[in-house]
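When the chains are written out, they are named A, B, C and D in that same order, and each has its own residue count from 1.
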Amino acid sequence: MTYTPTEMMTVAAARALRSEDICFVGIGLPSAACNLARLTHAPGLTLVYESGTIETKPHVLPLSIGDGELCETALTTVPVVEMFQYWLQGGRITVGFLGGAQVDRYGNLNSTVVGPYDRPKVRLPGSGGATEIAAHCGRVFIVMPHDARAFVSKLDFLTSIGHGPTGREREALGLRTEGPTLIVTDLCTMRPDPETHEFEVATLHPGVTQARVSENTGWPVRFMKDLEGTPPPTSGELAALRDLLERTDRAHRRKQDS
Amino acid sequence: MPEFLALSEAVSRYVPPDSSVALEGFTHLIPFAAGHEIIRQRLTGLTLIRMTPDLLYDQMIGCGCARKLMFSWGGNPGVGSLHRLRDAVEHAWPGPLEIEEHSHSAMAHGYAAGAAGMPCAIFRGYAGSDLTQVNPRIQSIVCPFTGEHLTAVPAIRPDLAIIHAQKADRRGNVLISGIVGVQKEAVLAATRAIVTVEEIVDDLGTAGTNAVVLPAWTIQVIVHAPGGARPSYAHGYYQRDNAFYTEWDAIARDRARFTQWIDEEVRAPRAGAAGAARS
Amino acid sequence: MPEFLALSEAVSRYVPPDSSVALEGFTHLIPFAAGHEIIRQRLTGLTLIRMTPDLLYDQMIGCGCARKLMFSWGGNPGVGSLHRLRDAVEHAWPGPLEIEEHSHSAMAHGYAAGAAGMPCAIFRGYAGSDLTQVNPRIQSIVCPFTGEHLTAVPAIRPDLAIIHAQKADRRGNVLISGIVGVQKEAVLAATRAIVTVEEIVDDLGTAGTNAVVLPAWTIQVIVHAPGGARPSYAHGYYQRDNAFYTEWDAIARDRARFTQWIDEEVRAPRAGAAGAARS
Amino acid sequence: MTYTPTEMMTVAAARALRSEDICFVGIGLPSAACNLARLTHAPGLTLVYESGTIETKPHVLPLSIGDGELCETALTTVPVVEMFQYWLQGGRITVGFLGGAQVDRYGNLNSTVVGPYDRPKVRLPGSGGATEIAAHCGRVFIVMPHDARAFVSKLDFLTSIGHGPTGREREALGLRTEGPTLIVTDLCTMRPDPETHEFEVATLHPGVTQARVSENTGWPVRFMKDLEGTPPPTSGELAALRDLLERTDRAHRRKQDS
């Protein structure tokens, strides 16, 4: 069965989730990965969206973190203030998904500006929930397409902390959570070195060479000694993902026509 | 008890130029009709406050309503950039836009502090983030019990909050159900509040377990504005117009096309009282 | 997911001597059955935490369960004094009782801070009150934006919260409706939580607009204990036994009569698993 | 029509409430006064109880601030934390009723201890909501039976601030609310002097002499120059109050029998 790099990325991200996780879900790729996990190997996965929906089980992917279906299928919905106070900061979330315009070797993220803050070349959306998701979730998974403009040697702006500018700042900041433990891209998966917290390539997706990853990474990327191949998506994973995306597409087309 | 006014009168009486206004609604129940009325009345110099500026603030900023924006996430959800917001920040078009930038948690805490009559909120925020370098209104305090440094942000106290809700009863009590966002906090934090509603009913009835009721005495004005959240959605009334959110990307990319859209869809006489271009 | 246990096992496994326990329920849904089980198991040295100690803590204090009490209002609502609490404070019977005394607002803020993972809460509290002279855990901080002095109290983080609720579903999700008090905050602030419930159902359904749902993953133990809030009340199940609240005044006034009542109504074998004397 | 001193006290307290007030109600006498006001001259009076019930309209008087009927007849019920944060501290309450074991000439209240705090002669219930009700309600009404042991020259413990130990402390404490503007007893009503904030007798209930008030007050109590008689309860007020109390009694007896 053939598949796209994006499908490989989504499946690899989904696999990292466990049935017992309480997962803070962003929109887009994380949402697809989380819902795929729930439909395949992690049926007990609890999905929390920052709009306040807790334990939601959408039939189709939401287009925003505040879609009505998230609320209709949730165990309960709480005010946004409570979501950030009792649930995220309260330490109830085991895993958070983040992305950004730029990531560095220590998993720090920029979603604020490209260029100087006061005279930005590109003004990005900003933090949203990310700054505190990065701090308070038990661990963080980063999902981003691999590209040298995104995987940079130095961030233009540090919006959300990974392991800090030198890889060692979390403890000094009083953070008791693990920080980013996984980066999933359309080329590979990366894990932080246990000592330095520098992200290294852990698995290469089928057909991807080390050279290709290096070309698309803005720092001299390391590869783990026991570098492996990412198992390709199974037919079950692909079927579930495509079914979910088709169902989503159909539902959203129907809504617009009505 | 609140007055029941037409939208045009509510805006002309309660939105003076240069005042601070929070139009809230977290993806759900975004008060587009009220924002469009502000555009039609050509109000300027406003400090616009909103966690997620969304298309509505993109439109208002592009029309020159805002002198300053306080926000925490300025994108077109699921689509991409807000091009008018970017043009204002990157190229000062149609004028310079001061920004005060926060995280979602900070703004949610700021509204809650405003609602609670506090001058500031404390939380665990901004760990390691450069946002503390660019926003002087992010400070810290020391916990007197543990010695930990905690983040402090000022309470948000807008001159006016505008929200859209499903129902008001004839006394002016308001019901919000579905995703409730930060609307209760925004209303209670603001000096005054305008609520536009889908329906005015005899009895609010009861709703889901998470529904929120705002008593009439917390609100100054109720406006009957069916469809007033379009193209966002009103749980139980209509769905989000996702196609328009996607189309907006192309409309907003170009200054001329944007201006034409505003003229035709918001400012032209046929853009009715509800002000919702596509309702 | 929580375990479903018998009350006796829940208490013997999760209430070690000398631990801190908050049995909450603001007038409504007071977890009497669980408190009575703690009395039966002759647990001692506990730090008991509760905004309104009520008859339940009067009984537990009179039985010598507590080393310390943290509270904000210790009376028999609508009747008068809690005589066992008074006897402990005034005459150290049956033993000395350390007290940490707050106002309602301070304790509510303390629970909320505990639920939010904060070390302390700030609020506008205790203005001019002598309570600041007798409780060293009332401190102040200075607002970094306005220079105002604000009151700080430590977060409340009990080892265990025990609450009574109307319903749990078979996965252990819990529904509380009616007056919801501080139970959600107490459960989320505590390291562990036991919830006794009137009913275990297939589906929680929806309830009034203010009902609260606690997900199964916030709770360690569910105990099916119908009548577990008697003589207080459970909205939708049974009413408060006002006569008993009045009778308690006479029972509790006298040490011997109190002890006899506890022996007969709580400790005697015929005092069943639910432990509610008059249920 | 004859009436008891307690009935006079309740009626006099009820009269001070206005239809547009948002009133924080304690249990006992305040509850009777507030509900009497709602049933007579102030039908729009909004009653808020610290258990979280907002705009409640009980048919009978509750026996505690958390009775089920308060919730059933309320416009909405909120968590206790929210009640203290957004509603009381947020400045939404125009009038609060308080009582206590002791009050001084400046309307400061003791509901904590008689005797020293560490070795109390009488341990009282404590603050409950009172400390912050005293600070944050627009104005405060104090309702207490008149007795020299209660109306004292010096409090054993200041639980809840009135106008402060010298009558002038509210402003220095940053309080922007008026503080106590009325004391209603079974003998008289008292109002604070606009300058000194010392409470003076404003009206004497029918049949009560100045001497009797002085005997029952622990400080040399002043009488206003334009001292008046409290208008006796009207037949309408008495009928409404007795009806309410009878209805309450019947309801509570029925509940206990059932």
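Note that in this section a residue touches a chain if its C-beta (ideal position, glycine included) is under 8 Å from a C-beta of that chain, and two chains touch if they have at least 3 such contacts.
Predicted model, so just to flag it, every value in this text is computed and none were measured.
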Contact-pair count is greater, between A-C and C-D, for C-D
For the pair chain A and chain C, the C-alpha centroid-to-centroid distance in angstrom is 41
Geometric centre distance via CA averages, chain B-chain A, whole Å: 28
Numbers and ranges of chain B residues touching at least 2 other chains: 112, 116-118, 123-124, 148, 184-185, 208-210, 212-213
Chain D: which residues touch two or more other chains? 76, 85, 89, 136
Taking the touch definition from the header, please name the shape of the chain graph: line, ring, star, complete or other. other
Kindly provide every pair of chains that touch. A-B, A-C, B-C, B-D, C-D
Touching chain D in the complex, chain B uses residues 112, 115-118, 173, 184-185, 188, 212-213, 215, 217-218
What residues of chain B sit close enough to touch chain A in their complex? 26-28, 51-52, 71-75, 77-78, 81-82, 85-86, 89-90, 101-105, 108-109, 111-112, 123-131, 134, 148-149, 178-182, 184-185, 208-210, 212, 233, 235, 239-243, 245
In their complex, what parts of chain A are in touch with chain C? 22, 46, 54-55, 75-76, 85-86, 89-92, 136
As the complex stands, chain A meets chain B at residues 27-28, 50-53, 63-68, 70-71, 76-81, 83-85, 88-89, 108, 112, 117-118, 120-132, 134-136, 157-161, 164, 169-170, 173-175, 252, 255-256, 258
Sort out for me which residues of chain C touch chain B in the complex. 116-120, 122-124, 137, 139-146, 148, 150, 152, 154, 175, 177, 206-213
